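Read through the structures below before going on.
Shared chain: chain A. Partners: chain B in the first complex, chain C in the second.
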Partner chain A sequence: MKAKHILLILVAFVFSFNTKAQTAQQILDKVDQLTSAPQDAKQTIRMTLTDRNGHEQVRTAIIWQKDKNKRLIKFTSPAAYKGIGFLSLPNDVMYVYMPAYGKERRIASSVKNQKFAGTDLTYEDLQAKSYKNKYNAKLLSKDADKFVLELTPKERSQYSKAILTVNKDYLPVQVEFYNRGNKKAKVLTFNFVKSGNYWYAKTMTAKDLKTKHSTKMEVLSTKFDTGLSDDIFSVRFMKQ
Partner chain B sequence: MEEKVNKAMLKLSEWVVRWRIPIITIVAILTVILGYYATKIKVDADIINSLPNTDPAAKLYKEIGKKYQGNTTAMLLLKTDNVFRTDVLEDIRDITDSLMTLNAITHVTSLTNVIDIHTTEWGMEVGRLVDEYNLPQTPEDLKKLRDKVFSKDMYHGVIVSDDSTITAIIATYSPDYHEDSISLAIKKIISKIHLRHHEKLYYAGMPFMALDSSQIIFNDLKFLLPITALIIIIILALGFHSVRGVVLPLLNVGIAIVWTLGLMVLTGHKLTMISDTIPGILLALGSAYTIHVLNRLNEIDLGDRQKALVRAMAFITIPVFLAYITTAFGFMSFIVGSYLTMIRDYGIFTAVGITFSFLLAIIFTPALISTVSGYRKKTAKRPQETKFVNKVLIPLSVRITKHPKRIITVWVAFALIMGIGIFFIKRQVDMAKYFHKGSPSRVGEELIDNELGGASPIYMVFDGDVQDPAFLQKMFDTEKFMKEHSPYVSHTFSVADLIAQMNEAMGEGYRIPNDRAKIEQLWMMIEGEDIMDQLVNYDLNEAVIQARFSTVDSKAYDGFVKLMNNYIKQNSTDKIKMRITGLPQIYVHLDRSLLTSQFSSLGIAIILMLIIVSLTLWSLQSGLMAMVPLLITIIISYGFMGYVGIPLNVATVLVASITLGVGIDYAVHIVSHYRAYRQSGLGVMDALKETIRTSGNAIFINLVAVAAGFFIFIFSNLVPLNQFAILMSLSMLVAGLSAVTLLPAIIYLVETKNQKNTEQ
Partner chain C sequence: MKRLTILFFAIFGMIALYAQDSTGLSIGGQLLSNERVLLKKGNPWAWNENRLDLKLQENFSGNAKFYAQVWIRNIGLPQVGQINDLFNKGIVDPINLEIRQAYVQINDFLVKNLDFTAGRQIITWGTADKINPTDNLNPLDLEDVLDFGRRRGADALRFDYYLNNDWYIEAVAEPFFRPANMPVGIYANLFDPAQFITMPQGLTMSSFSSTITLPDNKLSSQFIGGIKLKGFVAGFDFSLSYVYGRDYLPLFKNIDMQVLDAQGNTAVNVDFYYPRHHILGFDFAGNIAGIGVWGEAAAFFPKGAIKFTSILHTYDMTQFPPQPVTYTVDSTLQKKGLPYVKYVLGADYTFPDGIYANFQFVHGFLHERFNGGLNDYYLLRIEKSLFYDKLKIAPISGSFIVTDYKELKDNYTLLYMPQVIYKPNLNTEITLSLGLFGGKGKDIFTSLKDLDLLALSVKYDF
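Right, the complex of A and B next:
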């Protein structure tokens, strides 16, 4: 009996040591499960770019996404950008199509800290990788309605760390990215809504704290699991 | 020789003695208040700020700086055996990262983060020259990078020197922060980085030069001022053999310095590279007024010392006022005569400081003496006949009266020979030359000029429809024109280059597409890039060509400005308007302003002096005579500049007017003493001999003190101040020498001629 007691206490002790780390990892797993549940998605989005002086630019596009690593973006407005397409395929293969030239070109997307098409999102931000694959997590605090996690990148990144706030439904509310000098550099805020079985970010705002430039992405319509064909993720479809 | 006591002056000095306590109290309170502000004095060493805000070139330059997020760029240079090594690239990356973390830095451009639009066999790459996440490691990869760098004008000779030994990391400052504090923050953050390959690091560019000169200016003040004070103390101690004789002049000048600096802070002025000489100059010039007062007090033998004081003051106030007003006018000639704020402010505050010294000498000194009863009990014997008088001045006076013509001929011939040198005077406005050879700032600057396309920025602004093919084509052609027609422009950069590069990547050649839709779509690829803020405005109706100029030669600047102004005239249309600014434009303006400042301040000073001296002596002829030795002095000093290669710059431009203002006192001394001796019944020859004997000594002591005060700046770390020191000392010497030789000779000739005329 005595020995059993001691063992129990020991086990409890070891667990209490590990709960924090485990919980952080578990939270992240749940976040990943919830945010990348669908097989494919087709969304129409509106991007609103606001600069430090309050000037706004609006762009709309259609995004097709499948298998986490295939994505096609086709711009629908403004007129000058209409028809421009970006196609990302696995292994960092990326094509751009410009209707004015009538031809596609392959472009390198290896440079992850480069901004995408005037937004405040870099290719690294847009990478479809899950949080779990990108970061190690540590639980900083938790209360009745939120968890706060500190994420440190597994690979070399433009960020030194990120502070992720997750609500009680395990949906991200906000991410604060810190630059390599450990200064807060960028803040992403999310507003998740449920459509059918899936949660998705209805709006996402990215604010660059240094340039005071921000990007708001709103999903205007969305369809999940329509069984998008692989043909969509081809240069031929992009040029249509 | 005894001056008549002026009644008004007598009243004034009685008033001063009566109100001595309030006077001392007010001076003390003012000193405490202004002293508090004086400690907050800041330095502004930025040469661009010396042009007035209304100057078109400076205005456009500042405007572009604001609009395009800071045109203040600093450069960090890494010098090593070979830049293309992984450890060196790691260092560059670390430095780039560290700089990027500073909020006050808006952009950093370096080998590891520079934008690269590359055509490959399968398409294009819009990205970075180097993938900072995956730096080249193998010799092949490093060679590939090297080849890439040397294949594009954008990189080699710009961020990497042609021999691959130097690389530049360029940081753009935000206009929202104080420049010096950004430079200091950079130095601090970089000092923490361990350089893996032990590269040599240089800080270059205008911000670091300004920081360096700020620090030098402060250090100069800290080290040179005490030395000047010490020298003045020695001279005073030798002259007076009393504590009072040392303390009072020094106290007055100290107060005057505190007041002047305090007033500068209160009126929002900063110390510049020339105004940091003000305290030293006040020490040298301002102490003379108190010395005059004390001298006179010592001379009066009256039992009642308070009465003696009042009498002494009544005697001395007007002569001291005359000495003061000529000097003050010399400095004031800069106020009206100069376009450059730096020089104008210098004139204002030196004149103010001199005025303070004068007022303190005639009001505070007697108040203080009568309060603390600091009258000297025993009058010291004045050294009437010194060795200098016996051995030099008396034989000199004999010679002058014997051979006046010969003396005049010698001076005129000397002035003529020296005068030829004036044609060899060069002008110099660029800041790099302000530093001594081998100083880090200058070495950094030379490295950039010789190896990396120069550090002097040029901005050409195009107004119109930026996405219009014709507009971009014009920018493209203008860049080509600049590079082809000026040997000093090796690098230009604009949005047109980026468009041409992307057009090439799209397979249609390195040129501007003539289809607007193509331009608009290419735009998407570069939109939001940091660099775009520096190239175009938000409304896309203004775009900038950035270029750098690789020499700091005034002539080259001038040629370039003319070339571009002409180009703009011929190529501007209603649809595409062009403007240009940059350091060459600023420097050309500075250069011209320097010349006009020189001529107008000198002209004004000459006229003012002539008026004052003629009024004082109540004779235009005497006024003109008194001016001659000074004009000769100025010719000789300027000729000297030409012969020894001292250029006209912000400091040496001051020499002529100061020489006039200070040196005129010597001439006035001679003429007025001569006339007094004549009135007391002496003949021309005897009056001259007496004049030289008595005034010569006083002039000699004064000029040694003043010249010594100026000469201290030879120890400054700024080259223009060294040159200023040499020229001022020389000018004072020549002014003194010509006053006791040339002027008496002229007087002798004129007077004997007058006599002959009247006899006839």
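Right, the complex of A and C next:
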């Protein structure tokens, strides 16, 4: 009888632990499903870079995205940045193109932590990769309005962990990134809106907590499911 | 000629076929003002350049693109020598126009993943920073010595075939040879060939003349071509290349010295030519433990031995009257089939506090040739960005050049060029530079030692 009780307690413990783990993973799956639901998207964005004194710089870019794991960003203004490109492809393959040099460079994994074109986003941040593929998730808390997940990178990363806050609609609200010294280094905040059948981040703000510098990305226009060609997601197109 | 005309119409017929709806002509570019004053008594002007760099681009929906880069410039100061010059606006206020690039590019030309580019274009080969030994398809533009590494566009047909994102093959054909242009203004004398001629004892150069022989005016002589394979292996970008090229700088072929009188005054005439060579190139770029590293090497195989002949016409003074006599000496600079290798090794690193360091070692500068004639250059730049890149200071920036390690104290050049760069907004860049030059020996950069300067440049991108 005693052994049966112990077994029941063990099963209940394992079950409860497993349920909690599954829930975190399920939440992350739902987040991925909602945030990358379109087959493809083309967006015109405005980036506003703000320093600690409130001085602003504005840049514009076009983002093409397809199949959850392909992304191309090309700056369209200001003139000094026009043509700078970033390409993210499956299997951690990333390239950057600087028109002033006329040369593309593949981004080695050891420099994924470098910031892209003066923004507060690193190549790793810009990589087209789902949360599920990037992180293991653990549910830290949940209430009526939100879930809080602790994400730990599956592969070598500039971050030791991230704390993701998800609203009841399974849309990300905020991500706090911790550096390898386990110190909070960067905060991303999102404002999702719905267009037709799809949710997308109308604004996303990245704030570097050390430098107090921030980058706000606003979507000015967006088109979904236009049948973007795979040729767009190539070094060749990035250079054109 | 007929064949070239057919080729011309074939290319532009193809463009018309590919080019359908235009997205409109976009115009961008840069306005640059570049001023330098010498740090000597009276502060004479060393450089005055005002440049409008126009970039025009038009994309067509049928995978075609037109691109042009045009410089409209006012360079130098008025060279007015007589009253009539004042009636000539071209002398009073000289303006020149230069088509740096003008080409049409067609994507998926004939087959998928093949890009075809026709026209004047700058072909960027090599991974090193500004000094690229493997870049032998664009004529050198040595106009401004302090802007070393600058190239002019080449009139070329270029084919890029993309095997995938990491691998592509590039083939270039240039039907016309165009020589390098030399420095101007205060730097005009740096490459003066007369300074490289050692006169026999007792003779003085009283006049100097030269003759340059360009390659024959036929396709087989003028043609330059190259092929490159670019790839990515084990975390490194790399490329292998071959160029069937010509030296863009003229080389001595014959030196003819004519003794004019008993005092030893001698007229010197030099024949120059542009020798052929085969060039094998290799470059790589990557990252080791967060440090960017790159290397680039080119082996030059002269087609035939490179030699020059010295001819001295003098008099045998032991006879009366003195009898004319001619001495001829052949000097071999590079034996047939024996290559000389130029290379660059470099690294850069950004420290966590934002300090950026860039180091390059160069063996063989742009103008140097042949084994024994290649010097070593140690280039270092350390800069720090402040106020979110609004201000950049480079207190250490320059080069140490060694022409002879055995007698270093008499054979070196030091170029020190610290800079302060201020960006009042994203499109404007104001740079204040100091140029301090010193050294001993015969290197051409040593002759900059009397040309210490202060430079101001203002750039505006639009």
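Operating definition for what follows: the second predicted complex is superposed on the first by the 187 of 240 C-alpha atoms of A that agree within 3 Å, B and C clash if a C-alpha of one lies under 4 Å from a C-alpha of the other, contacts with A are read in each partner's own complex, and residues count from 1 in each chain.
Definition applied: contacts are C-beta pairs under 8 Å (C-beta built on N, C-alpha and C of every residue); 3 or more make two chains touch, one makes a residue touch a chain.
Please read all numbers here as calculations on a predicted model, not as lab measurements.
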Larger residue footprint on chain A, choosing between chain B and chain C, goes to B
Checklist entry - If you stack the two complexes on chain A, which partner ends up touching A:103: first (chain B), second (chain C), both, or neither? => result both
**Q.** Partner chain(s) touched by A:161 [first = chain B, second = chain C, both, neither]
**A.** neither
Original post:
Just chain B (first), just chain C (second), both, or neither: which does A:210 touch?
Top reply: first
### chain B versus chain C as contact partner of A:186, first or second or both or neither
neither
Per the contact definition in the header, classify A:89: touching chain B only (first), chain C only (second), both, or neither.
second
(request) Once the structures are superposed on A, label A:236 by its partner contacts, choosing first (chain B), second (chain C), both or neither. (result) second
Note: overlapping chain A surface for chain B and chain C spans 49, 51, 55, 80-81, 95, 101, 103, 105-106, 108, 110-111, 114, 118, 211, 213
Touching chain A in the complex, chain B uses residues 97-98, 100-103, 118, 120, 122-128, 131-134, 505-508, 515, 517-518, 520-525, 527-530, 533, 538
Contacts from chain A onto chain C in the complex sit at residues 49, 51, 55, 57, 59, 78-82, 87, 89, 93, 95, 101-103, 105-106, 108-111, 114, 118, 211, 213, 234-236, 240
The residues of chain A that touch chain B in their complex are 49, 51, 53, 55, 75, 80-81, 84, 95-96, 98-101, 103-108, 110-120, 155-157, 179-183, 210-211, 213
The answer for chain C against chain A in the complex is residues 28-30, 65, 105, 107, 113, 115, 122, 124, 127, 160, 162, 165-166, 168, 232, 235, 237, 285-290, 292, 350, 387-389, 425-427, 429, 461-462
